[in-house]
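To keep things simple, chains are lettered A, B, C and D as they appear, and every chain counts its residues starting from 1.
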């Protein structure tokens, strides 16, 4: 079934809140997300920072121990105005070598969906000609955390959250470990474009129209988010420091290869040693995000 | 001038050793490297672990404060036998979740240059059909370190070294900061293939024929290695933990954009925030390596 | 006023739960805590892992922006049986050098309050004569986290939590930043003894009788826990990795010296550079804890 | 035998340099060290930054695989002028919370050995009454590194080096792993006082008179520095980040307890879990230093 949901209230944490809507496994949901400061497609402030979330959506039949698959069908900006920041975070540079970082200000962008471009509308002469292709993604996607916790949409964990990984795009399926009945899916924090690491603390922040399909994968024991894109399998480690995020992602990819592809630790090590790719999701939020990826083509043989 | 040099002795550190050959800026050098355990193209043991290095090569006119550009013209395995390891490092997984890591053993590979493939010759049934495209690279490339230091070829730093970054391939130009007269260039530790992070501690280790051109870039003040590929500019941070490697790389990319592209910190931050890419070179050696990259197309406008 | 409270229900998270009791600023509370697995002084299981918490206690007049001072008057084991673990965590040793870590088992201890000693009751012959002086502390103490979050008692943050710092002993005053009306104080996870770092994942775990006084410090803007012992001021950074915990603690100590002792950054730096002490609270929990300390005697002059 | 040596040349790295003097095992050496900027007890500049080293001293009979014990008999400032810095390092605070760090300037100190005090001679009114007890230590002590390396006196490693640990005081015995014939001992970088972490990048820097005894411990297989003080055994991990330094130190302490005290991993874990203490040597130098300590009294029973 295809369900359209227009949100009216927004949470700022992932947690076991009262669901706003109940979906069946297999349903497609069309909804919208606010930008990171709470403005909608008409620039009306309807939520508050940080990262107001649309949801939670209850998925019938999802129980602790299952995974929730989310097929991201479409993620599209629903307005022309985006914004980012103009200062890299102090902690991503050598403090003694970079002493001219500006006070963090806004950079503003004009989003042209027809042309599929983002162009600066802020006056930065050196970047006057800059034209970036859009790659719309969700910074926040996740379910209710384990143990009945309620955790700010500023950070992430095994349940997903504010991962700010630029692989969360249309065409990708994300799988999330279910901790609460109904899973309780949230989405938000859309970015029209984002660099690796989200090193200015923002992508090009914008409100979105999102279309996604939910599917319950019974008794699929996953420990952190997994994704399938057209070309890759990936896992997402969310932790600080980067080493721990990388450990979580690598571990989950080993589990996946063992469980679904019959590769024991020796075979999987041999393969991943020469074929794994790591992506840096974010190194800005309280928990960092690192993705471990492998080409599906290497596994289909 | 084109110079061919057949090495007869191999160092295991980057340092101010007596040069084996003197080159002029602009010369092309054709030489060979041993594998990480010291065997040459005929499987004759001629050096010793770790990572025996060919060099150092003295480049006329290179002085402290300059950079040495190395145009990597060709990197080709000169035998058919490669080897890697079959166990991911304990520190790249969650110790409590991954308890079946094998004792680290060898995986052996057949390298077919005509077909451009690597295939396992070790008996790992689950990977019997695995066929990887070759992407020959140098794990070690660097000059003499600053301050007269002599540093093991197991690690890396501002001078380059054992960076194990899979972007060090033919077609790339690498720039290294000169600390000693003549720069004193070393190369070694070829990999026919390598995954991000070098998480099994090895690529597909193999001896190589290497062709490269050296050029002295006078008074080019770089702080760590920079590279130019067909599509990208990149910088290499070598440090532990990953965050510090990332800081070094990001800082050097900001310096590059400021000095050569006229982007002040605000403009560069705005650009990199949405466009930077990070690659994970290695997370195995004493110093880890992270690359910060940006598409050249974004800068040419 | 002196209030005695016998808890009957126990939370496993710090969060804005319904208070179990309301206290006035200045009141003394006498209560008990379960051990980390939920057993009370009679070894009756009354709560569940991890770290069941006594509370929350509402303190009249405490509002966001205030600090809650907790004078720890007495922390005493209320039974003779304690337990710890017999295996250091895999992540506190070099994986390649330490290959004989046991499966994590229990070590059991006899607690003798009259003699003030803990002795192993588990049969470990090499430690048969070991006799440790008691130093009873609370592993968990904190208030409701900011932003309406509900966070597991397995970890810690700016609100306190499972800090596992062995300076949380009787005679110490701890100050916590208030985020919710009434502060909502929780205590639990008593340890009869604990080493730095809590590297086996446990102190000598035991149920406790706790006596403490609460005081509201209006408009005291603190960012993480502060403590005052007989000899020292200290601040507690709770984060991962250790560097970030150390940053938080150092930053808060600088704020304290600036606000209460009139030391600007230059004076405080000069002093702390030669006089700061760091303690390692825990390096086991999801967030690590580092304390920054300075002798009060250096400040009274 | 008691040998007095007045140094005339100073190295800035630990490495296999030509020895300045040969000692026998059991000899006592009396010598002097320059301050970190190269000035001697008369304020004459005789060496250069960073950390000019006295040595190396060849110890007869010391061979790779042995340990060199250094009994620190006396470490005394040989002048009245010391200096430190007045700005904590940017990386030990939260960049967003501490925005008023001064440019790093000098703080100057009057060292009074009769009174055993350090007092500021720089005009910092808020610290006018500050009087610190002297605790003279060596920031640098080490032997030639493994593998023939030559490594800057700005950093440290398994061979010792610039550890900046305030436990390196008179009355302590330090043991260092020998990598080169004769061990090749270096000392330097005296501090009259130092805080944990060396967070301003300096102790109270001063030239010293040092008296020490060397002893060769044949076939004592140690992996990083070990120390014995009046009350404690300690081990020193030198690495970045802090976690790795802590791992090295913990691992070496486990090895020590196994080899010399008969404690297997289970017994040692049980003991250390409740009794280990960690000290933060430095968090400023390229490699950080963490000490793992245990009371000798716990082991003598």
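To be clear about the criterion, a residue touches a chain if its C-beta (ideal position, glycine included) is under 8 Å from a C-beta of that chain, and two chains touch if they have at least 3 such contacts.
Not measured: the values here are computed from a predicted model.
So which has more C-beta pairs touching, B-D or B-C?
More contacting C-beta pairs are found at B-D.
Please identify the chain with the largest separation between its CA centroid and the CA centroid of chain B.
Most distant chain from chain B: C.
Just how far, in Å, is the C-alpha centre of chain D from the one of chain B?
For chain B versus chain D, the centre distance works out to 34 Å.
Provide the C-alpha centroid distance between chain A and chain B, rounded to the nearest whole angstrom.
Once rounded, the distance between the two centres reads 32 Å.
Please compute the C-alpha centroid of chain B, do the same for chain C, then give the distance between them in whole Å.
The mean C-alpha positions of chain B and chain C differ by 47 Å.
Where in chain B do residues touch two or more other chains at once?
91, 241
Which residues of chain C touch chain A in their complex?
12-13, 15, 147-152, 239-241, 244
If you look only at chain D, which of its residues touch chain A in the complex?
Result: residues 89-91, 95-96, 241 of chain D touch chain A.
Any idea which chain A residues touch chain B in the complex?
For this pair, the touching residues of chain A are 84-88, 91-94, 97-98, 100-102, 105, 107, 118, 120, 122, 124, 126-127, 129-132, 193-204, 223, 241-243, 246-248, 250-251, 254-255, 261-280, 283, 298, 301.
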